[in-house]
Amino acid sequence: MLDHGFVRVIDYMGDDSSIVQAARVSSGSGTKSAEENRRLIRYLMRHAHTSPFEMCEIKLHIKLPIFVARQWIRHRTASVNEYSGRYSVLGRDYYIPRPDVVAVQSTSSRQGRGEALPYADANEVVGMIGRNADEAYRTYERLLDGSTDPIRPGLARELARTVLPVGFYTEWYWKIDLHNLLHFLELRLATDAQYEIRAYAEQVAAIVAGWVPLTYEAFVDYRLSGVRLSRAAAVAISEALTGVHVRRQENGLTDSEWKDLKERFGFVEDDRA
Amino acid sequence: MLDHGFVRVIDYMGDDSSIVQAARVSSGSGTKSAEENRRLIRYLMRHAHTSPFEMCEIKLHIKLPIFVARQWIRHRTASVNEYSGRYSVLGRDYYIPRPDVVAVQSTSSRQGRGEALPYADANEVVGMIGRNADEAYRTYERLLDGSTDPIRPGLARELARTVLPVGFYTEWYWKIDLHNLLHFLELRLATDAQYEIRAYAEQVAAIVAGWVPLTYEAFVDYRLSGVRLSRAAAVAISEALTGVHVRRQENGLTDSEWKDLKERFGFVEDDRA
Amino acid sequence: MLDHGFVRVIDYMGDDSSIVQAARVSSGSGTKSAEENRRLIRYLMRHAHTSPFEMCEIKLHIKLPIFVARQWIRHRTASVNEYSGRYSVLGRDYYIPRPDVVAVQSTSSRQGRGEALPYADANEVVGMIGRNADEAYRTYERLLDGSTDPIRPGLARELARTVLPVGFYTEWYWKIDLHNLLHFLELRLATDAQYEIRAYAEQVAAIVAGWVPLTYEAFVDYRLSGVRLSRAAAVAISEALTGVHVRRQENGLTDSEWKDLKERFGFVEDDRA
Amino acid sequence: MLDHGFVRVIDYMGDDSSIVQAARVSSGSGTKSAEENRRLIRYLMRHAHTSPFEMCEIKLHIKLPIFVARQWIRHRTASVNEYSGRYSVLGRDYYIPRPDVVAVQSTSSRQGRGEALPYADANEVVGMIGRNADEAYRTYERLLDGSTDPIRPGLARELARTVLPVGFYTEWYWKIDLHNLLHFLELRLATDAQYEIRAYAEQVAAIVAGWVPLTYEAFVDYRLSGVRLSRAAAVAISEALTGVHVRRQENGLTDSEWKDLKERFGFVEDDRA
């Protein structure tokens, strides 16, 4: 993952059949055919019956930059054991973006990237990030080892680490149930998620697709590639489908909702005055 | 469990070694001997480093009376799939206490039991509970089947079930991590927990003792059979150990704290005026 | 609420402006006009930026039947203090449905109600439920008071209560943040929620509408009255809008999805072979 | 707080009387005198009846270094809105320890500080930390502004921030209920917590002491200044109190437990062979 990261599966509990099994406790019904299992999982996903998906659990070992970890930890329903910079010396690995993802600040969104920089400029950026990190790590080592007289026997690790940039890597064990993992994926696979965490989310998604294929298929169909329509958007579509001319000014849709409708559905509005 | 209940393990993830493994991610240290593992687990338990215990997970299938389920569900950190009385017809099983646990209201505690009733009286109580449950279930069946003209095709299950007492059994899958499970056990094995849920907690404790023996041993030593002293109690003990006469009126201990100290430690107070 | 229940507000923290305030901490921007606040709240709701809604909190005192409480408690992110049947004697109030909501089991859904019963039959049902509850409460009282010689001083309350049906009322304080409250409302205002909890959800919704009107309006527009389309449904609509004949057999939509599309959008499928 | 931080109260809900009120819902009893309220709160604290404490809520605005925020966020039961380095430019403030808390790595604990450095050496450390932070911030600004031809219009903020050390300050709104706040305080006021987060915990504790004085007093007496004894330690104390010679080799206590007993209780062991 990225330049020095990884995601590896340590352990898991349950699979697609465990979800079916749990759902059937609720409904008091027995085992069924494979096709009925698929249909049941899709039904649960479609109707947001989330508790059976909590019956599966996965534990991952992840190495990731601190700024990614800071986004990741906001998902509060997981269990975490992180490498401690108080207890141990942190490694030398830091994140350097590949030149093709070194991009300017987006002008259309306040929290995103626009165009990639030209290769030479991207390289210049990469160089600046690298030099900054190397310099910080050298400071970290000097603070730690105390060999530089007179700092003896070396600064406390918990203080020395404060000089390291958030681009440095950390590691953790992360354990989460499948329902909450799908929620994590929905948010972190989204196009407005930062590229670096999205890269991890894609790897985690591939793991999920292999682990619980029926659930992952239903997740893609009903959540990831599905669409949420507001009341006004649903009305606009309904009118358009029944041949009514939809006029924007009579409708509560915002600019961005109109834009979404047009892009997603080839929607044509009647903009005659 | 009780007369019609059960607790059975459906699945689990991890064991004592997973706790050690997770703790060593935090500290960055490698594998060790069995004795060191035991010592590490005891250290984690003693110092309330709880996150490594979250790395183990267990899923149980439990059949239990509704009033027990209502206490149990207050532990919010678990995942639950319960048999649905909206979806399916509820079974005929209800809880009848064994005569030796049919007891009067405690006079010393507002929320507990006192002495067991004499056998004949207990039997009378058991009979009253049983007749009440049988009568309720007959009403439930009559409401459901609609065969009693003119209730056709039978009352909705979600309404009919409202006549059933909380002594009837329900079933669920319950999945929880080991840290939260130990918290459940600490509360529900306590002497002031209701007998019926304590009986389940004891069975769950036996399962835990077999699953993660080092953790369970540490749990018993540091939490279950340990003692929490208030500041004032700690001062009183400290004074007594150093030969000071401890006088109750000079100390902020409540009556029940004095009583606990005496019972637990054979504590002698100096009650000269 | 229902025949003996209530929902009353004990306390709350924050309002629409607190949500705006919290969102602006994230974005580092200052205060704005009322119209901009409304737009920001709608933006947050539309894009599922949920954390600012967690900054509001409400505490309710609720009296509700036990079977409703059992559904309600499944929302784990709230804090609860419930009246204890171990500690105190439970009251005589139980739930009797109004005749117009006494309905047969649904034939189209396994977990719902169909047609209301004719008035005379509904009255018969009401009578059966009432007699069952009265009988149970008499048993409860006899077990408790011990006046029936020789049960003296009366059975423990924690045991006696096991004879009471789940239609009896309980009371609790319930405290939850606004984000999780909206999730509760979305699930419990849905047409497939049981009528009795839906009635409470409607009252809670009215409280929320008065407390945070901008948030509630956005919630209705984007979540409650919005539509979630699966990938296949979105493709079908897109094709229909651009004049393509949509044929069911070429599409992964289930029967119930087709039905939803038709009802919601007046969707016409091309069913020529 | 520290050099550039702060903790300020934005809002709160409830106080000591709300805890009493909630506890009395559970027990069905009415209002009482002030002294009885104090006794009830102490009873709840002593017996770990935690749910009434969840009925109070507080919202704080906190400015804190990122490395402190990373420890803080591990308390998962709170709500957080953090200033976003993707959305806005981060400020220039970073943490520089006061010379008297610049300490060497502890030799007795793997995760702590030992002696403070001599003043001159501490100053040297402070200088290194400051130069490192200044240099990083200069790199950040150069990446952002793009004025260095040809980086135009400036690197995306979400990438540029990766060069900033974890000693830089961030800000957030943090909202938590009182029960979970006390748990936070118990862990973060402990002597083995890192000095910097302990400094914040002390300020938060002062806020709590002013907000809910009865609760805070009980918290100090029963939890913060209380003692947890293991089973073996309780047995050792019990024996010592009754005049038995306690021999270490016959007892399961670890070295550090013996040490604690001696320090806390002036405990004398009988070490005759």
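Going in written order, the chains are labelled A, B, C and D, and every chain counts its residues from 1.
Heads up, the rule we're going with is that a contact is a pair of C-beta atoms (placed from the backbone, for glycine too) under 8 Å apart; a residue touches a chain by one contact, two chains touch by 3 or more.
Just so you know, these numbers come straight off a predicted model, no measurement behind them.
Seen from the C-alpha centroid of chain C, the farthest chain centroid is that of D. Of all residue numbers that take part in the contact between chain A and chain B, over half occur on both sides, making this a same-residue interface.
Rotation angle for the C-alpha superposition of chain B on chain C: 180 degrees, rounded in steps of 5.
The pair with more inter-chain C-beta contacts, choosing from A-C and A-D, is A-D. Taking each chain's centre as the average of its CA atoms, chain A and chain D sit 29 Å apart. Between chain A and chain B, the centres computed from C-alpha atoms are 38 Å apart. In this assembly, the C-alpha centroid of chain A lies 30 Å from the C-alpha centroid of chain C.
Contact with two or more other chains is made by residues 27, 51, 74, 80, 84, 87, 110 of chain B. Interface residues of chain B, counted against chain D in their complex, comprise 27, 39, 42, 46-48, 51, 74, 110, 187, 220-222, 225-234, 237-238, 240-242, 252, 254, 257, 264-268. In the complex of the two chains, the chain A residues touching chain B come out as 10-14, 18, 21-23, 25-29, 51-52, 54-55, 57, 59, 61, 79-84, 87-89, 171-173, 175, 177. Remark: chain A residues 65-67, 69-70, 73-74, 76-77, 80, 84-87, 95, 97, 102-107, 110-114, 117-118, 120-121, 124-125, 128-129, 131-133, 135-136, 139, 142-144, 146, 150-159, 161-167, 194 touch chain D in the complex.
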